[in-house]
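Okay, structure first, notes after.
By letter and in written order, the chains are A, B, C and D; residue numbering begins at 1 in each of them.
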């Protein structure tokens, strides 16, 4: 649990910032010298969580999405936080193919991707308060 | 002054994060479709300001460096903020070749680079409170 | 994201360039659905050569087009998948409904 | 940042790879100063082919080495400058003391 590096970023909930979020997290994770596949996994999971904050959390209203990243002995922990509408039934939300926005052609596979690509996914949410998705990947630091 | 996009990031004052800061700001600035030279100018100026926060602001003690980026009709504004020791004489600090740390082989050209590469550089500082360097580049948004 | 359309017989080929996420999927969906209707295509081949990254938003668009094309009794293929794109498609079960062209 | 040293006659050639900022300049300075002393080089040629980016921290290291080399009556050259690296060197007045080898 020795904290080795840390960052926080916040940005507007507009879809252009999805790629911004991926680049920021990739640049931070790169300090651990991950494999290309590990880096792609982290990038993908973050993309899912940030997209959810924008579409489902803020429902395309303007708000701030926050990301908090920590590198420690065990690997990398990324939290994606919104202060949007929250999730009523987290278990249901996590089910493959479940989506509350089929009209937007959402696949309902976001949480499934996060859980497959990361080692731990923790979802905390309060209706009308917001959602925090914590994504962990175990990675040994091979840098000097 | 129509604010089009915005981000804030904060990270530990360790030298590994100098490249992280450059990547974050580049990814944000890229939304304005700058030329390669404009992007390199912004990246370089940010690198100077972040390095100064780490070396001079915190003098290699651990603290947080913050960056605030705004894109508006006029271009991009990047503020680099530390809560470190501050600058006593800003006019002197800005002079080419002036450095308070010649023993670290600093060239004293950081502010000169920032002022040459950016359209506006504003330095605000209070001794023992910290420093805020605001860097502006005028850029027309050519994206859709 | 950029896309180039190419109609060959009853097949609509789409060469894509860029990252396919929620942001880019909106215009991609509209352009693609429009082109399917306009060309009356039965077969759809999505060329991912220029796509290093896709997330589940892309999966949603592909399922949507699979539905349009199926209604005409057609079929959807994908080709030139990067490892990341392939992994997202696999995890999403997309290969149960669409085919990979080598 | 990585560097490969190559001694040819009384010239020390350094091929650099990576971004030269404050973080990388510390180890670069130590390795370079050590190698100048060890090889007793009179001439120093810094090859920036693999360096897309440098800031004024790099300028400080070059001035420092210019001083070491000048004390031996030698000369410093740089070569293969990217547009960004060249611009930083120009603004810093570095070309008043070091030469560019084409």
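Here is the rule we use: a residue touches a chain if its C-beta (ideal position, glycine included) is under 8 Å from a C-beta of that chain, and two chains touch if they have at least 3 such contacts.
All values reported here derive from a predicted model rather than from experimental measurement.
**Q** Once the contact rule is applied, which chains count as partners of both subunit B and subunit D?
**A** none
**Q** Determine the centre-to-centre distance between subunit B and subunit C, using the mean Cα coordinates as centres, and give it in whole Å.
**A** Taking the mean C-alpha position of each chain, the two centres sit 42 Å apart.
**Q** Report, in whole Å, the distance between the mean C-alpha point of subunit A and the mean C-alpha point of subunit C.
**A** Centre-to-centre distance between subunit A and subunit C: 25 Å.
**Q** Quick one: report the Å distance separating subunit C from subunit D, using the average Cα coordinate of each chain.
**A** 50
**Q** Can you list the subunit C residues in contact with two or more other chains?
**A** Residues of subunit C touching two or more partner chains: there are none.
**Q** Quick check: what residues of subunit A touch more than one other chain, meaning two or more?
**A** Counting only residues that touch two or more other chains, subunit A contributes 16, 19.
**Q** All pairs of touching chains?
**A** Inter-chain contacts occur between A-B, A-C, B-D.
**Q** Using the touch rule from the top, collect the residues of subunit A that touch subunit C in their complex.
**A** 15-16, 18-19, 22, 36-37, 40-41, 43-44, 47-48, 51, 54-55, 96, 104-107, 109-110, 112-113, 116-117
**Q** Which residues, counting only subunit B, touch subunit A once they are in their complex?
**A** Against subunit A, the touching part of subunit B is residues 5-12, 14, 16-17, 19-20, 23-24, 27-28, 31.
**Q** List the residues on subunit C that touch subunit A in their complex, please.
**A** By the definition above, subunit C touches subunit A via 19, 21-23, 25-26, 29, 53, 55-57, 59-61, 63-64, 83-84, 87-88, 91-93.
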